[in-house]
């Protein structure tokens, strides 16, 4: 069985699906691997490093697509790749099924099975394959680094001979995986961190990282059984806006991470709220690609509104391609290990397995 | 007595010499202040804020230069300003006398006294005016933020379901004010920090921040009585290079801050040494403007050498203009307070005072 | 003006109570179990009474009604003495071994 | 087969030594000074001997050679009793006031 | 034959040796020495008794024979008994002391002449009182210890047995004992003496049956105390200061020990001692426990275990983060390392609630990176470590992930903490973690639960590590 | 007149009350109660003595008069003496007890009949030994206490006085005492008794003069112990169990206390007690001190001071950073706050070696920002605070910056820590800080130096804050 991987569109995506480390692991399962030439040179991994662990380097993507049984990708395969795909291939990646519906349907027309890892059920056994966790975690970290980079003052409190630099105040909206890591990172740098979320379990979690939790009073718990958030009521929204009003006046940096799976991101910072912030403040919207938690936020753009910098994030992982690839690639390995049966020496698409069943994309 | 301040060349310098806070303090001494229109709007401080504390806003720089008794600046006055300067004015700023020799000599031709704050003696009483300290401190902080921004991996150790992200290793060369703050900041973010310096006192200081000190064996102490470093011997350099060799192979980020007052910055990382580093590593050279501690470093440029990013810093304070201005402005206030005599209602150029004497620029 | 020995005994009794009180407070809790077993072993000094009871009778009738009780008491107390001290020793040995291993 | 009272006294003496030993270990160090002053006050129970010495003589000669020493001893011990307890009280009062202030 | 004075001095010496024996227990280092003191004291007491009785007739041989028989039995039991059966063993031994006291008292009652207590039918008043108290207390100790033994051994149910009017019955019987003693003094009648003993046996049973299994350690210590008082009573009768000193010592130390234990367990001393009063709460307790027994300890136990370990592995989890116990933990580890104990941290990939959660906190507490290991790197080390200190972690140690395919966490790699010689679990209760499932490790033989807030407990352990 | 038995019981009771008195001191809460126990015990002992002597003649009146005279003097002294003179007061009081013991012994020697010890010239052997030991120890206590008193009062130099052969002389005199007692027993000669007392006085003097002022607290406690032994000796003579119990109690507790104090001060118990041996080290000590006296304390003192404060201001400096004491400090503050003590941190702008140095470390230890104040905001609060806890800071507190224009740090704003009621300085020595100048605060009346590594000391304080 051959696992193949082709280059991504490097202008849009710097991550790679395979690192030498996990290549080694996959080969350890008894599989063969071939990848395209210069597969990861753009992030400093030379082809020789892959070869050292036993990976075949092919000069063109066509060669790979025509020979491999399993294609692993970061994003959806490119148009020209799809045409070259042979029947019975399996594809695994973060394929963003809602966005790439058409493309995927096209692929499904061939006898191809597609697994998109965003769809993983959040069960304990799937944790090691959970790409959302691994990538959101980095996103939370990077969000803080980026916003601090953009921020024109120093973050930590410093009492010096030339006066005191007050500590910056950071507000994190949404305390999921990304939000928690953002809290931790900002806290480390010495910021005064507060956070809010609709799920009541998150209060303890925020406090476990030394952050302050701002809770919307008398609110029901908005957690679904899957651990995700539900959409909130009007009344809740009003109360939350009131809370945000108080908070935004005080805070210097706001990091937005609130998401509701399968829905557009909740709009939490309205135009008026944004304008309440001090000039020089920063809103860093990790949810921008899903519609944004903040007014004025546009994916891939920085907008200035009355001195407030609103940063809409796009392709954030391109800022940490090495770490992100390494984690993603380990996630992929775990998924493949679950899929591949060493005895049968074949992939075992056991639809009884929740993990395999839920991630598989069915035509629609 | 009127204190005036004109705008800097905003394209080169974002800091301002006066913030509303210290304007208030200066006015409190019994002085008047006038500044140019839109003096600090580029960093989000509106003219109204100045007016609120009693500052006069003038529409042109000429008006100010012709009326003020004391001109405070960040950098050396611009050409056109010099022509407008009237006699008996006093100028205070960070005038970089070695670089701006010609300009300053020109000014001195008029009956003008110039004080350059870089020349402050490092005595206890002068600590509150010490611009080198206040700005280096921020430089050290920002150096870390910038290099982490450029670094394509995550800094802190994270043991996650998708594998372990190892902590980044940061090496700080030169543990003066900037170096120590760099150590502290990198440490905060979870990096494994080591540092080296020629002054033996700095070992304890590095360790007091939780960093590891790499000492060049059997080295004499290179500290001058003023607390600065001396130039080192050949033998020392060899030993240091050996030490660096070991260190560079391991470290991911190197932050260079080594300086010797009045001399070009010591060249510590030679070309061979730089090439030893892993691809993806970062060298952040704070000494670039003084010639650089590292080979391949050029002020204001990012050079790539075998996968290593060498960042030569220029005008770093433009990245933190607000905090930097606020500290600089407080330094200036302290200096003015020492210079101005409330009883005489005049500036008292008492040359017995070490602070006043040493900072004054004499023609040469 | 002799003082009744009973009063001395009473004094001794009361002072011993104080000592018992203090002794226990200064024992580390992790040694409470051995402590219990040692005090148990010690309390079998009752054997002193048992021996007197068994021996003090006339020589002719070794096993008269009262000395029989004495002999029985000796057995009981002896079980306790040997058992108690040995078990304590075993327990304490356990603590020691852990120490030495390092 | 009477036991010499001396032996009882010896027992009492030895047991009291143990109690003294334990009592002190359980005193918090910050109270060591009051402890010293209390033990000092207590040790003037020697007054018991002084009173016996002073009083036990014949009624006719109140101040015979031995009772004079008794009387002197009474004064000394009395100074110590009153002084000792009162000073301790003062010290302890100080501790209390600080506590109450909060 | 030893003079009365000389033997009195020797008895005093043996009493002092007993004091030193208990003193030795104050620290593990001197504890064995203490035991030797105790043995020496006992040997002296026995020899002096031989010598002072001075009756070197055939009966002496019998005495020696009986002594050896008893000794052999005792030694046999001591070597054979498993360490885990300690509590019941001690309870069983107590019963022997109690019975011995009863026997000696009976013997004295039957032949007062040989003890110099007067003659049958005209025993000295004081002695009579003393011996009846000795006999009564001894009897209570005997029957009480037997019940405790049966309960601990599991032969009798550990559940408290209560019935209506229990307290009144006890009260009545107690008063009855006093009345009997009084009547005995007046009448000197043997039958009353026997009745007294019988009633005391009954009281012993009644006192212990309403006490639940959880309170047994306290009861044992209390019975210990009783046996001491019985010995002291006999000591007064026999005018023997070794018995008086030791009896008082054992009596008061036992009482204090039960008090200390009650305090540590947060139970009211009186309700435990007075038996029945403990009934309600212990009933409730057993219900809480879901029937499965857990061993729960305190900071001192934990400190002791770790101090005597040569390697300790720390397993932090979400609870450490909630309690913000990282600084205290670091301090604890510093203390351990000062004792030359090897300490490492085992970080499970999903410990906490965010990737790298533990790393953030440990870094904040300045834990050196080279002491922190990920699961794969350390999982084999558990088997060789002495103690696993699991602080606020739960799911990540749950072996059900390896064994039960039905479990929601099946398939997750877990830290093999159970392979350590001892496992300490710091958490506030037996409640489950994130995954909501019970952790069978809590009930394992080599697990000690430390129920408390993680920070509080760690700080307490630090204190006890001095 | 009280029967011997009854009075023996009462004496026993008073002895027990004395035990309870000392026990009360184990915690500040019960300490006053303890004192009352002591007073009660004393009252009982005195009354029982009156009653048992039963001589209600005129002499009783004299006794009462003398008692009151002594009492009045004692009370007067107790009220007048300043609290700082405590140590010399205790020393002075000891001398009285010692002398009283000597007097009682003399009285017994002169009229043994009244104490039932035989007749003059034929005193019972045991009693004679007992009374001579009592007298000798009493005499040593007396003269020793007087020397200690003089040294503490400053009337005599605190420096140790040593001369060649001192130890041999002491040894000789000690042996002489035993020889004399032996000879006295044989001869029953009065003159020997007097010589014995005289030599004992001399021994007392010789024992204490070689001991330096720093070791005086230990000496006082040791003298306390001596006075106890003297009382016990007399007790044996008078066959009085109150005296025996109390004497033994005081004797052993005093000895243990001096041992504990030696350990706390890191001095060898024996070298202090045997006098001369302590000489060398104390000499050296005084040289170290640069002539200016500093008060140096330990963690217990610091904990006590802070526990009883209502507000504490922490002043961290470079030394805290060097010692990496921030975590321990945070813990200490947590403990204080639990006691409802207000705690704030005062950060000097140039504390440490880099701008914001302290902030980095405090943030690492998770100190909330709102407890951290800059100089201008907190400088006025020192006057109202009870304790300033200066940890590893030096220059930033140096008042010379305000007063001496010649000083290199003149003009720098400094933290006004000296305005606090007490100032605690945690540093390792008296050496200066960065600026290289001495800090006069170290020698101030309200300063207590805590010489140790900052982390170590803070951890110790934490322990003592329990």
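Here the chain labels run A, B, C, D, E and F in written order, and each chain numbers its own residues starting at 1.
Simple rule for what comes next: a residue touches a chain if its C-beta (ideal position, glycine included) is under 8 Å from a C-beta of that chain, and two chains touch if they have at least 3 such contacts.
Keep in mind that what you see is a predicted model, and the values were worked out from it rather than measured.
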item: Shared interface partners, meaning chains that touch subunit A and subunit E; value: B, F
item: Copies subunit B and subunit A - interface residue numbers shared by over half, same or different; value: same
item: Centre distance in Å when subunit B and subunit F are each reduced to the mean of their C-alpha atoms; value: 57
item: Geometric centre distance via CA averages, subunit D-subunit A, whole Å; value: 80
item: Interchain centroid distance [CA atoms averaged], subunit B/subunit D, Å; value: 74
item: Subunit E, residues touching no fewer than two other chains; value: 15, 19, 239, 241, 245, 324, 349-350, 355-356, 360, 363-364, 366
item: Interface hub residues of subunit C, defined as touching at least two other chains; value: 2-3, 5, 8-9, 11-12, 14-16, 18-19, 23, 25-26
item: Residue list for subunit B, restricted to those that touch at least two other chains; value: 127-128, 133-134, 137, 156, 158, 160-163, 165, 188, 190, 210
item: Chains that touch, pairwise; value: A-B, A-E, A-F, B-E, B-F, C-D, C-E, C-F, D-E, D-F, E-F
item: Contact footprint of subunit B on subunit A as seen in their complex; value: 43-44, 127-128, 130-131, 133-134, 137-138, 141-142, 145-146, 148-149, 152-154, 156, 158, 160-163, 165, 185, 188-190, 279-280, 307, 319-323, 326-328, 330-331, 334
item: Complex contact set, residues of subunit D against subunit F; value: 5-6, 9, 12-14, 16-21, 23-57, 59, 62, 64-67, 69-96, 98-99, 101-102
item: Residue numbers on subunit A that touch subunit F, as the complex places them; value: 156-165, 167, 190, 192, 210
item: Subunit F - residues contacting subunit E, complex; value: 324, 327-328, 330-331, 364-366, 459, 463, 466
item: Residue numbers on subunit F that touch subunit A, as the complex places them; value: 347-351, 355-356, 358-360, 363, 366, 369, 372, 374-375
